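After this come two complexes, each holding chain A, first together with chain B and then together with chain C.
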Partner chain A sequence: MNQIVDRSRDIGEFVPQPDDDMLVCRCEEVTKGEIRKAVHDGMWTITEIRRYLRTGMGLCQGQTCARLVKGIVARELGISPAQLEPATARSPMRPIEMKVLGKEEVSDTWQ
Partner chain B sequence: MAVKNKADVIIVGAGIIGCAVAYYLTKKGKSVIVLEASDNIGNGGSSRNGGGVRQSGRDPRELPLAMYGIEKLWPGLSDELGVDCEYHKEGNLRLGKTEKHLEILQGLTERAKACGLDVRMIDAKEVKQINPHLSDEVIGASWCPTDGHANPMVTTLAFYRKARMQGARFITGEPVKRLRKVKGRLREVLTESGDVYEGDFVLVAAGYASRKILGTVGVDVPMHVELMECLVTEAEPPMFNQMLGTAEADFYGHQSDHGSFVFGGSSGLELNNKDEGAKNSPGNAAITAPCICRGIMKYFPELADAKIVRTWAGYIDICQDGVPVLGFVDDIPGLVVACAFSGHGFGIAPAVGEQLAMLITEGKTSVDISGLRYGRFQAKI
Partner chain C sequence: MKRYEVIIVGAGPSGLSAAIEAAKRGIKTIVFDENEKPGGQLFKQIHKFFGSKKHHAKIRGFKIGEELLKEADEAGVEVVLNATVIGLYADKEVVVRRGDEVSHYKGDTVIVATGAAENMVTFPGWTLPGVIGAGAAQTMMNLHGIKPGKKILMLGSGNVGLVVSFQLLQAGCEVAALVDAAPKIGGYGVHASKVARTGVPFYLSHTITKAHGEDHVTGVTISKVDEHFSPIEGTEKYFDVDTICMAVGLSPMSQLLKMSGCQMEDNPKKGGQVPITDEYGETSVPGLFAAGDVSGIEEASSAMIEGRMAGVCVAEYLGYCTEEEKEQILAELKEDLESLRQGMFAPANRGKEITETEEGIAVSKNLLQHGFLTEKEVEKYPGVVHKVGVHPVMECTQNIPCNPCQDACPRGCITIGENITYLPIVADGSKCSGCGMCVASCSGQAIFLVDEDCGDGSATVTVPYEFFPIPEEGSKGFGLSRNGEKLCEATVVSVKSVAAYDHTNLLTMRVPKEYAMAARFFKAG
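Presenting the complex of A and B:
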């Protein structure tokens, strides 16, 4: 998006909430409170949150929690979720065994 | 010229080097502004590397920095920064499968020994004792017990977090257009948006982008970029904690605390392939991850069933002579350079950060970095 963002902007203090222990990223077991705290630690983009907490880095690669995480981060920053870039999608689309991914397609008739 | 912002030091680039220097400078009470072109902190090589914290295989000119960091800084880093950087000092195995490989490893080992590093050649039996998961194809290795690995993404963000807590001002999405001297001293940094930042010192630590930025004051670091790619497996039960490499450089990597394996490698066609990648995020070539998989399975047959969940790519800023460019530049007072890390930046980042902060505040370093100065490049005749 390349918007100028001063990371020293005051976003207020971290205020505990009753549902902070709710699991948001189920694959990596990251809670809402951990995500909100990370924002106060300076992690202001979805990419930084992923790298810092591992949200969306597990088996489902964020296909379940990406929207939830985005909403939580946006609310904490006081901005619209639309202002947050999604994290880069990474291949493969589904987890795939090394022996399968590493196998080049070779036709028998060529051997 | 819209805004005028002043600090003791302006840092161009919020990678691990920029973040580490910002941390050590603010710890000494200096005011710092860090300018980052992309939207994300640590978006270049800092988040796109294999996590090695190594001394073995390093050039004698950068080895003092690597050894100093491992002895003095890495062991206490997690406590100091208040974030678990997942540092493991459990050795580096560089593996060989052929006599030719062992010759390469022998050469690297002799050179490192001459610099006082504890590294030695070991036979197949000893390799198996250290790592029983390796295949019988491995006939020997070089072994450096004080090498290791850490989590590059978390370490970078940990430096950023602490520097920010200490008052460093980070501005993302603010690409730098050029540098400007005032009365013979480098003082100003001008951005694409028209902002002007002013400091007593300017550190340029922007990876390959440093080249264009430094070019605006007539400094040309001879470097190029090479694509590297990594793959990440799902979490596996803990198998080993060594950092791994091979004589042939087929792959390198480690198992993270989380359980996933992170293995980097290449197809060998990177120099001439067509894919230049997306903006801020270089793309993977379809042939590379399968190639890395084949490399890994020859060394670790039992990983054949491990599932790949993610692949990614990054650029390495490779210097003409394979070691970084660090320190002051003759004839341009006020300028400090830290770039062209040639794929070795992560492991030495804490040492580079601490030493450059010292250079800026005291005019000298305690570790010898003279072999890494910009002035070393000369035409061949």
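Presenting the complex of A and C:
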């Protein structure tokens, strides 16, 4: 984790695979091929992949696909998934409407 | 902002256990859970648990859940349901969503017991309706009384996959096959055996290569895999199923801990991202604890002990118990936890190839590959003996920390020995009364009562039976082998069900005596 990624490393060309059109992140409808291509476009960290493709940023917040995306990126880079820093954890942890997030409980006193 | 001495996130087995330890010492304790019911996964567990008496062995999971809730209630624990913790910040500030508003809490200590989420694997068609997690299947069956499907293929042969397959059969679903990419069954052999004897085929070193269907699952293709887990062309098998169930492991839901700023590690042995903690669950942030699956995937029994450990540590941290008291309780809990972490399936043995039992007997390869013991193999184990008259036959062949059979026999026929993981043996000179308590007490349903020769060319075999409809006395059917094949005609002699059996019926069938050591299940004819 937190290892500095040597971006001068040659990971080879993008080679199409038969299951590239398979959905991986179902909330944001991102395919395996798009994730693999993103790595070849230079997105070598999970944070970059998220910002580039929005994987794991939908309704389930990566509950289903975070591990899958990590596996695909790691394989493309030829490293172990454990070497990839996972996405930053931020509040809100669960999907929440802005109107709820902005509405504080009224009986708000120190007890 | 409201202040609590301890805020616990998650009302599952570990969260509730932690809350009990804290609240019973007079600590103002609050537990938040995002679900509408407390108890976490316990209320979905209808099978009897393994372990010793201390670990609630032979008690069904949902009963343990009920006991835990009662204990929490008596201790004065405040459980807030439908309350989603959306943030955990520095200085243990907790933000909770309830209904259409959010509220802020400040904890002097916080215990995160958020559990785990199911893993998924991908294959063409995996997003079709009808592809579900094993947890979803359990929720549908055991909480809502809905069958997840009619014909189901299970992917994953760990304990979750095996236990849920059995529950699907109990619910009246057909399980077409149990598939795992690994070359051997990951869960307990006894769990596999009770599925195998109903006739479910096991396909190890196989994986799903395609789910068929336009708008829902109508079938599935599996293929054999090579040593690199790549499908081998030409080995495809098609199954006509409407549901694919996945039980391919769990990942800790540790995002709140990561957000709080405590040190984390990626530990594949613990299931993924986990906080770095001391042996009692305290993270790198003083006063912030993690307990249960969120700190490393295990099971409910160890989660409850870890919860109690965190609860006691919190009590001492807040000054509600002395250091000596804490040390004493922790030492006891640690001993309990260590006894659960023994045997072939201990966390320390994960990924290791175990070829022999602690007694030096070769582990059955057939059991690991096909889910059942061959007639020849079964004779090697100490629980399998031949005697005149009714006697227990214990087809327990792997070292698991579990011993209810020993306490169940009122005549002392069964002994485990000094180590809880030892295989049970039939004590010398013991006289079995045929009461069946051992059969009903075995969480793995691996004990049978056999009278090998009734004198008239027949034998009787008593098997644990947890299916509906319960066959009637005198009805005819078939004796099935350990892999569910029809062996012989069988007549139901009796079906006993008493309160002490706790819903495990004891079905005694009469079979020709040459099948006394082969017939292990009954199928109505």
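Keep in mind that, in the parts below, the second predicted complex is superposed on the first by the 105 of 111 C-alpha atoms of A that agree within 3 Å, B and C clash if a C-alpha of one lies under 4 Å from a C-alpha of the other, contacts with A are read in each partner's own complex, and residues count from 1 in each chain.
By definition in this document, a residue touches a chain if its C-beta (ideal position, glycine included) is under 8 Å from a C-beta of that chain, and two chains touch if they have at least 3 such contacts.
Quick caveat: nothing in here was measured; it's all calculated off a predicted structure.
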Please determine, from the superposition on chain A, whether chain B and chain C clash or fit. fit
Answer with first, second, both or neither: which of chain B and chain C does A:P86 touch in the superposed model? second
For A:E48, decide between first (touching chain B), second (touching chain C), both and neither. first
Check whether A:M57 is in contact with chain B, with chain C, with both or with neither, and answer first, second, both or neither. first
Quick note, chain A centre (C-alpha) to chain B and to chain C: the enclosed angle in degrees to the nearest 10 is 150
So, A:K32: does it touch chain B (first), chain C (second), both, or neither? second
Answer with first, second, both or neither: which of chain B and chain C does A:K103 touch in the superposed model? both
Who does A:D6 touch here: chain B (first), chain C (second), both, or neither? first
Just to confirm the value: shortest Cα separation between chain B and chain C in the superposed three-chain model, in whole Å. 6
Overlap of the chain B and chain C footprints on chain A, listed as residue numbers: 1, 88, 90-92, 96, 99, 101, 103-104
Write out the stretch or stretches of chain A touching chain B in their complex. 1-8, 28, 41-45, 47-48, 51-52, 54, 57-59, 61, 85, 88, 90-92, 95-99, 101-104
Of all residues in chain C, those that touch chain A in their complex: 1-3, 34, 84-89, 95, 97-98, 100-104, 117, 119-124, 126-127, 251, 253, 255-256, 258-259, 264-268, 272-273
Chain B contacts chain A in the complex at 37-43, 47, 153-154, 156-157, 160-161, 164, 169-175, 193, 195, 233-235, 258, 278, 281, 284, 289-291, 293-294, 296-297, 303-312
Can you list the residues on chain A that touch chain C in the complex? 1, 19, 22-24, 26, 32, 63-65, 67-68, 81-82, 86, 88-94, 96, 99-101, 103-106, 108-111
